[in-house]
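There are structures below to look over.
What follows is a pair of complexes built around chain A, which joins chain B in one and chain C in the other.
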Partner chain A sequence: MLIAIAYRNLWRNRRRTLLTLSAMVVSSSLLILALGVFSGMLEDMLASATEQYHGHLVVSKSGYQDNHDLYATIRDEKLPVMLENRPEVVAASPRLRAYGLLSGRDISRPAELLGIDPEREEKVTTLMAHLVAGRPLPSAAGNGALIGSGLARRLGVGPGDQLVFVTGAADGSIGNDLLRVTGIFSTGDSGHDNGLVLVGLPWLQQLLVLPGQVHEIAMRVNDPMAAAGIADRLAAELPPGLDVFDWGDLLPEMREAVASFDVSRMIVVLILYAATGLGILNTFFMAVMERTREFGILMAIGMRPRTVRAMVLLETLQLGLLALLLGGAIGLLMTWLMQRFGIDLSGQITPVTYAGGTILPRLHAAFDPVNVWMPCGLLLVVCMVAGYLPARRAAKLQPVAAIREE
Partner chain B sequence: MRYFVILLLLFCAPAYGFGLDLRQLVRGVEDQYMGASSTARMTMRVSTVHWQRSTEMDAWSLGRNHFLVRIREPARERGVATLKVGREVWNYLPKVDRTIKIPPSMMGGAWMGSHITNNDLVKAAHVDEDYDFTLLSEDEISWTVEGTPKPDAAVIWGKIIYHIEKQRRVPQQISYFDEDMIEVRRISFDRVKKIDGRFIPLRMSVHPLEKPGEKTILEYRELDFNMDLTPAFFSLRNLKRH
Partner chain C sequence: MSLIQLDKVCKTYRTGNLEVPAVVDFTATIEAGEFTVLAGPSGSGKTTLLNLIGCLDQPSSGQVVLDGRNVATTPTRKLADFRLRHIGFIFQSYNLIPVLTALENAEFTLMLRGVPQQQRHQRVRELFALLGLEGLENRRPNDLSGGQQQRVAIARAIAAEPAVVLADEPTANLDSRASRELLELMHRLNREQRTTFVFSSHDPQVVDMARRVISLHDGRLADDRRREP
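And now, the complex of A and B:
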């Protein structure tokens, strides 16, 4: 009964209600879209940061990720296959890493060499997809090498040129051998472009005198955001002495970026809703003031103040729910459209690298449930807070004075 | 008046070092294996947690700026050589027949897999120029000399402490401290022998203190001074000859 009265009251001044409603719908739906685009950027960044080099999950000897100790190797050659057989793991790539001196014709630079199996690495990271010259490493890599563009420029080498790599091998000897550049990659991440070289795993194992051994196994999983959970489950099944790291452990700055995104999302929502809330407050105050006489009569014929307050609150609640439904629906539709089609901005801006990830020059949305339920939930809260003051005022009216007022 | 000041300075200068020129003393220690020129055959034994190995090397030096060392044994690494001229270091790798100049960023790296760095080869020759020295203590047997970097010198160590035996003027131990004044490396000397009128400790043990149990022992088996060497001997071409 009270609900029906409240609903009817809402539509007595159709224009005012529609205006308020549209403000709420527009603000919430645009907010959902904006947060979706934000999430899309974050997703691009995360993908570039993790899929470019680290992978989503990495298994290595405990402590290896802290000091990259040459001797902290995994000898179990069946482990990559075992990991790949898990349903949540898309692919696994064993890797061996060495730091040393890389020389072109005259110039030498320190470099990081990553020994990989090209076929498996391709399924885990996108490093091989960023070629700007030459060809990717063949599956039997031999002494072929993919070299970062900055490093190639500094050493003055191009595809087909010879390189010499020198490092301390695991048996204490001076490991040194020739490499031949097959291709040059450019990722946009200056750290990798200026210092990373991909070589065949068998070549590096022989140079370092670490036969059959690797330092880590990088993995791609089906849901990057669930990597931490998968890591926990995996950790329980791994042989002792091995640890599993998710991208958040390997790229703490990326985790920070995700956390700061959560905070900035909250701030944007609060600012926008403070404005929307004032609008709603204004509408309802006007509505209550206009109906002072009506409330006076209602109370004079026996409606209790509590009921009057409940009625006004029900009006705001109904308006809020309506706005929430419409705003959520429109917001979801726009997010979906943006996700499906997106807007390419590569003509206007260049990629930006931040926190180890690259933000691509495109507007593209990603669906994240929190981007919908949080604006909607908060909209309702704001609505109720904005409705409470007018409702209290209505409930406090003195019937006699209210009826006399004109 | 001006002459008086100069005279005063002249008279005071020798007194400053307690009658002992510390800079000259340290210079003598740092250059002990070089002389005007030298040839040597040495054995380097490196022990780490993971491996131990022994290398036989031939070495030549001229003054403090020219130095060439070449591996004889093990056979696998025969011909691997290092040339130092001034502040620059080259390595020659016979397996790939390439000469590699060590870039500044790699000067802190290990030399031939030992606990000696490329910087040690280069900067040791400049310690007496880059540091100021004070006598910390003195007893009947030895002096303890502290070297602190000159304000504008590009140095690696925050402090170096020399223990030098008085009578024979040979180092007993040298301690190296980092910027935080933590002792990170200790080199001790023994097997002192008189060669060409000078006392030389033929064995040098390098202990990296952050890696307990690891050490590099460099032992001179033959050492001759004042050989007939010219700067032309220390050439990139000669580096490759094996």
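And now, the complex of A and C:
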């Protein structure tokens, strides 16, 4: 009965309630959309930062990520398959890395060579997808090479041209061999475009005299934000001497960017809701003041003050739940539309690189449950806090004084 | 023992530096089953006295004893329950909760007492029949005439069979015909159901119908007359 009374009272001043409700719905749904777009930007950034080169998780010998020591290799050839069998891991790509001198027609430049299995690497990073000339590496790569666009320009080479790579091999000898450019990639990240070359894993293993060995296994996981947790679980199962790094370890600035997003999300929500909360407070104060005499009568005929308080709180609770449902639904719908279609801004702005990731010139949303439940949950909290003061005021009314009021 | 005992009751309001004595040294007893009018001009203290009897207010000095309970010594938070259990109220106007139907308004005190719905409805239907309100159960107060609203308020006040029903100028907003009808109803309830009524009025026509008239003047008891019907 109390719930029914509260509901009817809520709609007594239909226009005022609708106005307050729409303010709540608009603020919460826009908030959900804005957070979704933020998440989308972050996802783009994270994707470009991790999926372009590192992968979400990397397994290597314990010290390898600090010094890229040639001898710190993994010999276990079954490890990539074992990792891929885990449900969280989408794909795993074994890699061997070498630094040396790369020569074109008559110029030499230092370069990083990454020996990969093209089929597996394709599933982990997007390096191979940024081809601007030539063809991708075939699965049997032979001595084929994909070369960064800046490096290709400096060496004056194009698809079909020959390269010579010289480096120190594991047995102490000087390894050198011929490569043939099959394609040129351009990622937008100058570090990679000016210094990275992708070659076939067997070719590099032979050159370095490291048969069957790799330096790292890069992985893609189904939820990049959960990478740290997956890393912890994996670490416990790996053979001794091996370590697993998540993208946060490999790209600390990116981790900062994500953490600061969590904080700024909270701040944005709180600021917006402070304003919404004042609106609700105002509405309910007015609603309570108008009904002073009525509360007086209710208390005179024996309603307890705390029942009066509960009745007013029930009104705010109902308003809050209604706003939450509508705001949540509209916010989700808008997020979904933005996720599905997005807005292309490449005509207006150029990509921005920040914290090792690239923010693409587009508005698109990503779905993150936190972006929905946090605005919704806080809306309800704000609503109840804003309802509490008027409710308490109603409960504190003296029946005699309240009834005298006309 | 009398139902209501008022012993040297004083109530003084303070507005700024000014002390307004609303009720002064008022002593009277009211027995169960009586039909009493508090009469007196505007400002003579009728409302104040009814509020004191109804445990809505506490006296500045003196004692109000209701059904053996001293109002002054009862903690405020217990007074709401006490009112619910022992007192029915009818106010001058806008008695009813606008968002509730006539039936819901009438059953409200029963609901607060935790009476099951079926019993509540049965009781209210009886009362509506008695008060000539059949067919109006689902109307909202705004869609009822002033007299009908006051009758719903009576139904609410007597539904839980309180020891006493207090009515502060229940007819003030009604025309003389509706006033008379309402009064006759209260009379009948008093006769047939032995409901104790104490109400205030400054309308001579109303005062004439009462069996006991307590006249107030400037907060003091001026006259206390009983008439046998």
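Note that the second predicted complex is superposed on the first by the 390 of 406 C-alpha atoms of A that agree within 3 Å, B and C clash if a C-alpha of one lies under 4 Å from a C-alpha of the other, contacts with A are read in each partner's own complex, and residues count from 1 in each chain.
Operating definition for what follows: a residue touches a chain if its C-beta (ideal position, glycine included) is under 8 Å from a C-beta of that chain, and two chains touch if they have at least 3 such contacts.
Just so it is clear, the structure is predicted and the values come from calculations on it, not from any experiment.
Per the definitions stated earlier, placing chain B and chain C onto a shared chain A by superposition produces no clash, and the two fit side by side. When the two structures are aligned on the shared chain, A:Ser62 is found in touch with neither chain B nor chain C.
By the touch criterion stated above, A:Asn282 is placed in contact with neither chain B nor chain C. When the two structures are aligned on the shared chain, A:Arg8 is found in touch with chain C, with no touch to chain B. In the superposition on chain A, A:Leu298 contacts chain C only, with no contact to chain B. When both complexes are overlaid on chain A, the residue A:Ser103 reaches chain B alone and has no touch with chain C. In the superposed pair of complexes, A:Val164 makes contact with chain B only, with no contact to chain C. After superposing both complexes on chain A, the closest C-alpha pair between chain B and chain C lies 78 Å apart. Touched by chain B in one complex and by chain C in the other is not one residue of chain A.
The part of chain A that touches chain C in the complex is made up of residues 1, 5, 8-9, 12, 293-294, 297-305, 307, 399-400, 403. Only residues 71, 101, 103, 106-110, 164, 166, 168, 170-174, 176-178 of chain A touch chain B when the two sit together in their complex.
Residues 51, 54, 56-57, 77, 80-81, 83-85, 88-89, 91, 94-95, 97-100, 104, 108-109, 111-113, 156-157 of chain C are the ones touching chain A in the complex. Listing the residues of chain B that touch chain A in their complex gives 46, 48, 50-53, 76-77, 80, 91, 93, 95-96, 98, 100-103, 105-106, 109-110, 112-113.
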